[in-house]
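Here come two complexes built around chain A, the first alongside chain B, the second alongside chain C.
Coming up: the complex of A and B.
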């Protein structure tokens, strides 16, 4: 069955002041909000700028605010809003490129600062059931290579948009970047690298800036729990300072 | 004026991104033009399967051989954008079991490493696979994340001097006589129309290649053929689970991160933009997926998506019987010198496609520069923004 939906989209461009435009589109009742945005582009206005790629919450590109809440519209069913009009706005705390598109450059630089590797080794279980064997075939030799996974973080920027600290301090390293430092710290035992990572988190715009509003953890669509990572980093850094002050 | 030839690549899906990288590495000046976000065409919404070739080793050997060759190369050049957990082909019926020897022979013929594992062991590794399977064969399938796949190629191209302009739509070609000398674009960021000169233009717009070619009044026999995928919001398999038979609707479950994607179907569409999804396709595909993994029935549907394959029409064949391999067309003979199209193929074979079209571009420009993409590691996708 198809339903008619009203979308109020915040439009802007270098030469166009921000303003709302309202569109009506018809979508399947099984559609997600991203499908509705794409319908606006396909059938109403080909100039609409929005980001999208995978449509299954893996690429992290499509993040926007729907009725004031940060979401990945690719996994939010239109049915959740039972036909009510939707207001679609770009993420906050980023520069706007145009319409729903924000500039991710600074975000990705911070993600990269910790050399955060986007894959990790697989756990030995699937939905609570143990997996017997956790290595795969190396097609070029007879040996086994460990099974791996992508990290949970899809680098969507939602946590930065939801973060009240970010709103006050645009240089704040941001929840995702700090969570990335924590993940990278978990993956390395090299003392030099650990020291570098902790210093990165301890910087002027690092973990101590956070007001502990927990909005990031609340908004994150991927259960990354950035706020918890920030708290854990604070503990590690405090321990490090103690060790430096009082020896071992 | 720079003496280095300027090549425009239209489209930043897997094909255009890999082509930009190849040409930049050969020392050319490259500009990529993409009307939207990178990977917003077919590449983004595909099944994310880094093919081992197993899926094609019986009915499309040429395609299968390309897949395993490129699979091995991608493991070396972009390990950071891949989940490597292999694939399992499972026989669920007597017919599938009878197909096993043909399948294993196909793998051997295409040099795809394959090993049969006892059913009991297969079920220990994949506890949610249908317990009634009759046979299981492991192959080196993998999973890529499509946006990062493209961004890795583009980031490396940028490092080598390329310019990437997304949200910049090609509207027309500029000709001098029978030679394409540039394009007209609409930059959606500024709302302005511009013209850009080029020594060569590569049309890498996948399922849109016919539409773009028509702007230059040349033909490309690309038939947009849609496929649906259903995403389940939980990961129930570690490896890619394939049904051991000739490719069919709903016979593969690709896991990525914390989801499982069931795919896919195949039907012809007139336009590749914003494809409407027939409800019955979703239902029949979910049923086929549940045959492989009964637990999928209980899984929460997270999303549905559809995009069009750029299939090259070679005969009046059934949509699935088309070859999945790619074609490059030099449009010089059609009265559009300076324009080449590269279409068809798969994301898995993007690098090989790029090599082929870049060879043609260099040939046309009279440049003798060998392809170096087989051994050049890509930089992080994050550097796309640097």
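Coming up: the complex of A and C.
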């Protein structure tokens, strides 16, 4: 069954002041919000700028605000809003490129600063055997192929949009960047690299800028728990400073 | 107000007040800032009031009469509310900052605010009972 949905979308361009435009589209009642946005682009306004790729919360590119809350519209059913009008806005705390597209450059630079890589070797099975990819292959040969999985973070930028500190300090390293540092810290035992990572997190715009609103963890669609990572980093840094204080 | 206007970029903190996105953590965050501003203002008012002591009974006694008025006692209750909320919420932030109660920060906030409410009621009764 199809339903008619009203979308109020924030439109802007470099030379156009941000303003809201309202569109009515018809979508399946099983559709997700991204399908409705695509309907606007396909049937109402081909100039609408928005970003998407995977349609299943793996790529993180489509992140927007739906009725004031940061979401991945590709996995949010329109049914959740019971036919009520949806206000779609770009993420906060980023420069807007146009309409729903924001400039993610600074975000990716911060992710890169810790050498964070979005794939990781898989954990072992409970019996200690490495998990192997077997889909459609001979299990004997497939078992020799190492299976990599993605990190939980899909680099959608939702946590930065939800973070109130980010609104006050645009140089703040941000929840995702700090969570990436924590992940890298967990992976290495190299004292030089650990020192570099902790110093990165301990900078002027690092973990101490966080004011513990926990909005990043609440908004994160992928259970990255950035706020918890920030608290863990604080603990590590405090321990490091105490050791230095007592000459250890 | 359209907070996405480029000319308001320097005032992005105004987005704190977009109540559509408020969750428990954001409410705690705003409460902490509002009470902090209130307590700092109180500190300066308190210092200004104390200067009356140096001016002797002619200045101090009329103030004491004002301080016993019900509307002034209500301000005392407001001050107590600010102290309790800010202090207990600050305790939660300090604990989680040291890695204590990190996963339970929301129940911790609710529990501490219940403590604040109980202490506030007890304090208000005491203040108005004289």
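Remarks
The criterion applied here is as follows: the second predicted complex is superposed on the first by the 225 of 248 C-alpha atoms of A that agree within 3 Å, B and C clash if a C-alpha of one lies under 4 Å from a C-alpha of the other, contacts with A are read in each partner's own complex, and residues count from 1 in each chain.
Following the convention adopted for this analysis, a contact is a pair of C-beta atoms (placed from the backbone, for glycine too) under 8 Å apart; a residue touches a chain by one contact, two chains touch by 3 or more.
Quick caveat: nothing in here was measured; it's all calculated off a predicted structure.
Superposition note: with chain A as the common reference, chain B and chain C can be accommodated side by side. Touch criterion met: A:119 reaches chain B, while chain C stays clear of it. Vertex at the C-alpha centre of chain A, arms toward the centres of chain B and chain C: the angle is 170 degrees, rounded to a multiple of 10. Touched residues of chain A, counted separately for chain B and chain C, are more numerous for B. By the document's definition of touching, neither partner reaches A:188: not chain B, not chain C. Once the two complexes are overlaid on the shared chain, A:104 sits against chain B while remaining clear of chain C. In the superposed model, A:6 makes contact with neither chain B nor chain C. By the touch criterion defined above, A:228 reaches chain C but does not reach chain B. Minimum Cα separation between chain B and chain C in the superposed model: 15 Å.
Chain contact summary for the complex, chain A toward chain C: residues 10, 12, 17-19, 65, 67-70, 89-90, 92-93, 96, 162, 164, 167-168, 170, 211-215, 218, 227-228, 231-232, 234-235, 238. Within the complex, the chain A residues that touch chain B are 13-16, 28, 30-32, 35, 38-39, 41-43, 47, 49-61, 74-75, 97-98, 101, 104-105, 107-109, 111-112, 117-119, 122, 126-127, 129-133, 136-137, 139-140, 145, 147-152, 154, 222. Every residue of chain B that touches chain A in the complex is listed here, in rising order: 36-40, 43-45, 48, 52, 68, 71-72, 75, 80-86, 113, 115, 121, 124-128, 138, 140, 145-148, 167, 188-191, 229, 231, 233-239, 256-259, 261, 273-274, 276-277, 279, 282, 302-305, 380, 382-386. Contact residues of chain C toward chain A in the complex are 2, 4-6, 12-13, 15-16, 18, 20-21, 23-26, 28-29, 32, 93, 96-99, 102-103, 105-106.
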